[in-house]
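We just call them A, B, C and D in the order they show up, numbering each chain from 1.
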Amino acid sequence: MKQGIFEIVSNKKIAKDVFEMVLSGDTSDIKNPGQFINIKLDGFFLRRPISVCDYDEKTVTIIYKVVGSGTDVMSKLNSGDKLDILTGLGNGFDITKSGDSPVLIGGGVGVPPMYNLCKKLITEGKNVSVILGFNTENEIFYEEEFKNLGAKVYFATADGSYGKKGFVTDVLKDLEYSYFYTCGPMPMFEAIENIAKTSGQYSFEERMGCGFGACMGCSCKTKYKNIRICKDGPVLEREVIVW
Amino acid sequence: MKQGIFEIVSNKKIAKDVFEMVLSGDTSDIKNPGQFINIKLDGFFLRRPISVCDYDEKTVTIIYKVVGSGTDVMSKLNSGDKLDILTGLGNGFDITKSGDSPVLIGGGVGVPPMYNLCKKLITEGKNVSVILGFNTENEIFYEEEFKNLGAKVYFATADGSYGKKGFVTDVLKDLEYSYFYTCGPMPMFEAIENIAKTSGQYSFEERMGCGFGACMGCSCKTKYKNIRICKDGPVLEREVIVW
Amino acid sequence: MVDLKVNLCGLPLDNPIIPASGTFGFGYEFSELYDINCLGTFSFKGTTKDARFGNPTPRIAETPNGMINAVGLQNPGVEKVISEELPKLKKCFNKKVMANVSGFSVEDYAYTCEKLDKEEQVGWLEVNVSCPNVHGGGMSFGTSPEMVAKVTKAVKAVTTKPVIIKLSPNVTNIAEIAKACEEAGADGISLINTLLGMRIDLKTKKPVIANKMGGFSGSAILPVALRCVYQVYDAVNIPIVGMGGVSSAEDVIEMMLAGATAVQIGAANLINPYVCRDIINDLPAFMQKYGINSLKNIVGGAH
Amino acid sequence: MVDLKVNLCGLPLDNPIIPASGTFGFGYEFSELYDINCLGTFSFKGTTKDARFGNPTPRIAETPNGMINAVGLQNPGVEKVISEELPKLKKCFNKKVMANVSGFSVEDYAYTCEKLDKEEQVGWLEVNVSCPNVHGGGMSFGTSPEMVAKVTKAVKAVTTKPVIIKLSPNVTNIAEIAKACEEAGADGISLINTLLGMRIDLKTKKPVIANKMGGFSGSAILPVALRCVYQVYDAVNIPIVGMGGVSSAEDVIEMMLAGATAVQIGAANLINPYVCRDIINDLPAFMQKYGINSLKNIVGGAH
């Protein structure tokens, strides 16, 4: 973990209620896709944990949905504004287990962490399929970005306004894959757990206090021990999860 | 009283720890010299009451000293920044009682309200003397401004670094005047009360809650009734004050 | 069309918004800022048997997201309130007002409430039991179930209008105190009064306010207020007037979900004198946002 | 050269800064961020006789300038704390640690304290009496002078190291509780534990945290903490460890002026993990600003 002051490079709306923010600063502590950063906002006591969508040596990109007063304030910030941010939080995804043809499954605001993961896996020469689930077409973002990485990209929308009508599992059930990685809402996880044919990794969300393992606010039981979603997670391997 | 959003036109240091801020907005509720405005600052619960130094149809000028975290934040604001301000607070000075040759006595941060008062009295054709007291030379501000109004300006500094060595009363005792107006620290008031030869008006300071008469946080006893410094004051006539 | 109407102890309110005692004077000065008839009602400045100047100044201190006050119940006394303040209020307020009463003995409370109960402008009596009991070693009436019951019974015996007991949060078990009020005949409970707090000036190294300690209010105390209202809602069957740190329409909805039938706004009036009018204007939009058709239907909804 | 040293119950501290229990784990994870030997000491995660997972999640809610937590004393139990956590701590912390103990019966407290008292790494026992007494209808030990005295006596009977009782502010008369601890043999008092608070989610219309209510901490509660420390300082002659909303060097000085010999930092660690190191670095400059040569000389200075 590192604390640093980041400057907003850009902060723009990319879908209904969804914003992409690019921040420049010391990203040296971000090690794996699926990690998150924790942002201090003026007027709010707790930091806002947001998963990393993409990062390089000098910048980190996050995608967030305006769901409350905190994210609303974030959406109104301008390029040039500075933010106090903790980086390198959480374990992130383990890409060494992907096999040759992993599938990445993102639902709604669970889509962003799939982007850097996809990038890493393709760099590793993997044959990556990506399933992105949304409620409706105007919530969709990053279609081109995923395609430009060279992944096979499938869409599922609850109302059928784009891609397959239904849920990510309606796509997943007909795919062949060596391993799966997923981030999204709990009902989606349960649906995946019911039909997944391989091992995989789930990235969990929980209301956090500190985000770095001090407060035990986001504890969770696994088959083998109690863990902290923020520090020992947010990514858990399928085999250890207690549903 | 009026609530309005004001934009900072300028905010510059004019003496040791002392800043002058010019704000543009609806000043229509500012009626008399000696009134104050109440400023909301991000991160602080209570507003900051600051006496009006000068005002016209479109702008209000305040002079404040950095004494705590609130005024420190104010000193770091930039032109263009916007502030939520309550204007037209307090009774202000009654210039109809001045007579032909009033004397205005300001001590330290009590100097600013004397400026617009001086301007008004000179416009009325009065022969105005101004005594400004400071601890030392580098705290002095607005000398030229007062002189440009056409007032006779005297200085007293505690360390003798500028003007008369001593206190405003060391100047006052040798002056002839028809009436006095004063704003400054309590010890200065007591010294003036001991030697003043005429009627006059004192502008008091007190820790305030609301600044517009609702909370009774700044109550004070007078010879005739209990008053609220923020609403029935801050200016009290010599005759009603209980020392 | 959303419905803001609620009913407080048998009297209808156009909306649940009530400026709290001590932050709205006797109303008429705020009527210079906006038409105060838009309010549900308001609770006027705490009134005592005799006139009081209150505590020496400074009486005010600032805290993170809050403030401390030690005004000390400054008021002109019940006679002058009736002869001077209520007539001024009548000119600008055509609704029933909530009469806030304080006392330093059971007799004080009864005396002042009996007088105000006779005023047709008064709709409710709000009895502040957080004051020290001069016959009880200065301990606040509100800290003992026996004492609040005594005060409640004494006031009920000499009045005809709804009696709402205003409780202090500075107790071990506020539900027990509220129950004692209900059993003694109270028609409603209002809470929370201020928390006891203090600040120290690092320059003088002494307490900021002359009285050393004072009543801590403002947004900071909202979570304590919500908890107390939630606990009392489980303990009594009479209506609750919730207050403590409420400064927005969303806070009002949260307070009603906790169990409040009406909501008082205190310290927020001192920062934004228009806040109660603004909240009333904001409520319909926030009710729609959260799928609420009628405010009266969400009271206690979080239980 | 300013002097930051203080003495807590006979043990010297390089400075009065102590991360509070539940916000610093068992220390070693923070030692990856900075050398925790710069601290006066720290109070480790509340430890109980048996291992506890604690409450269901969500356990955290935000408030204006504060937070609510309902972790529920999650800890591996005293045996594992001694066999696994303390050895890890030994590798990165060469000072005595404050052992924070919770229990649900007088026997629990005595059992856990007796075990930890034998560990040479432990310098003080901090006994958290805010937990519900399972043999007392769930009422918190800390709400009754008799119960805190019982716990204090039981712990003192089986230990040799300084025993500091950590008090809850959710009581009518905290000075009376503190006196009972002193008379029962406590070597120090630490306060305040969290206030009881709650938040409600307007979307779900239910309490934000699974446990409904929780411990309210953060800057918001500073004025309540200062008041409680000030009251207890007047009531007892044993040292006080002050805490509650402290997040800066100036807050530390204010808390010591109120009567604290040492100062714990809680919620602030969760927002800025470096805050305790930063405060220790900031203290000398602020001491100079306010004309303070030695911190030990300002304890209770506001009285």
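Please note the rule applied: a contact is a pair of C-beta atoms (placed from the backbone, for glycine too) under 8 Å apart; a residue touches a chain by one contact, two chains touch by 3 or more.
Keep in mind that this is a model prediction, so the values were computed, not measured.
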Under the touch criterion given at the top, what is the topological distance in steps from chain B to chain D? 2
Return the chain whose centre of C-alpha atoms lies at maximal distance from the corresponding centre of chain B. A
Suppose each chain is reduced to the average of its Cα coordinates; what separation in Å results between chain A and chain D? 36
Once you find the CA centre of chain C and the CA centre of chain D, what distance in Å lies between them? 34
So how far apart, in whole Å, are chain A and chain B when each is placed at the average of its C-alpha atoms? 57
Expected list for chain B, residues touching two or more other chains, is none
Please list all residues of chain D that touch 2 or more other chains. 61, 63-66, 219-220
All chain pairs satisfying the touch rule are A-B, A-D, B-C, C-D
So in the complex, the part of chain B that touches chain C is made up of which residues? 1, 3, 40, 44-47, 86, 206-210, 212-221, 226, 231
Contact set on chain C toward chain B in their complex: 22-25, 29-30, 32-33, 45, 53-54, 57-67, 69, 71, 74, 208, 218-219, 267, 269-274
Show me the residue ranges of chain A that touch chain B in the complex, using the header's touch definition. 42-43
Could you please specify the touching residues of chain C with respect to chain D in the complex? 61, 63-66, 68, 143, 170-173, 195-200, 202-203, 205-207, 212-213, 216, 219-224, 226-227, 230, 245, 250, 253-254, 257-258, 290, 298, 301-302
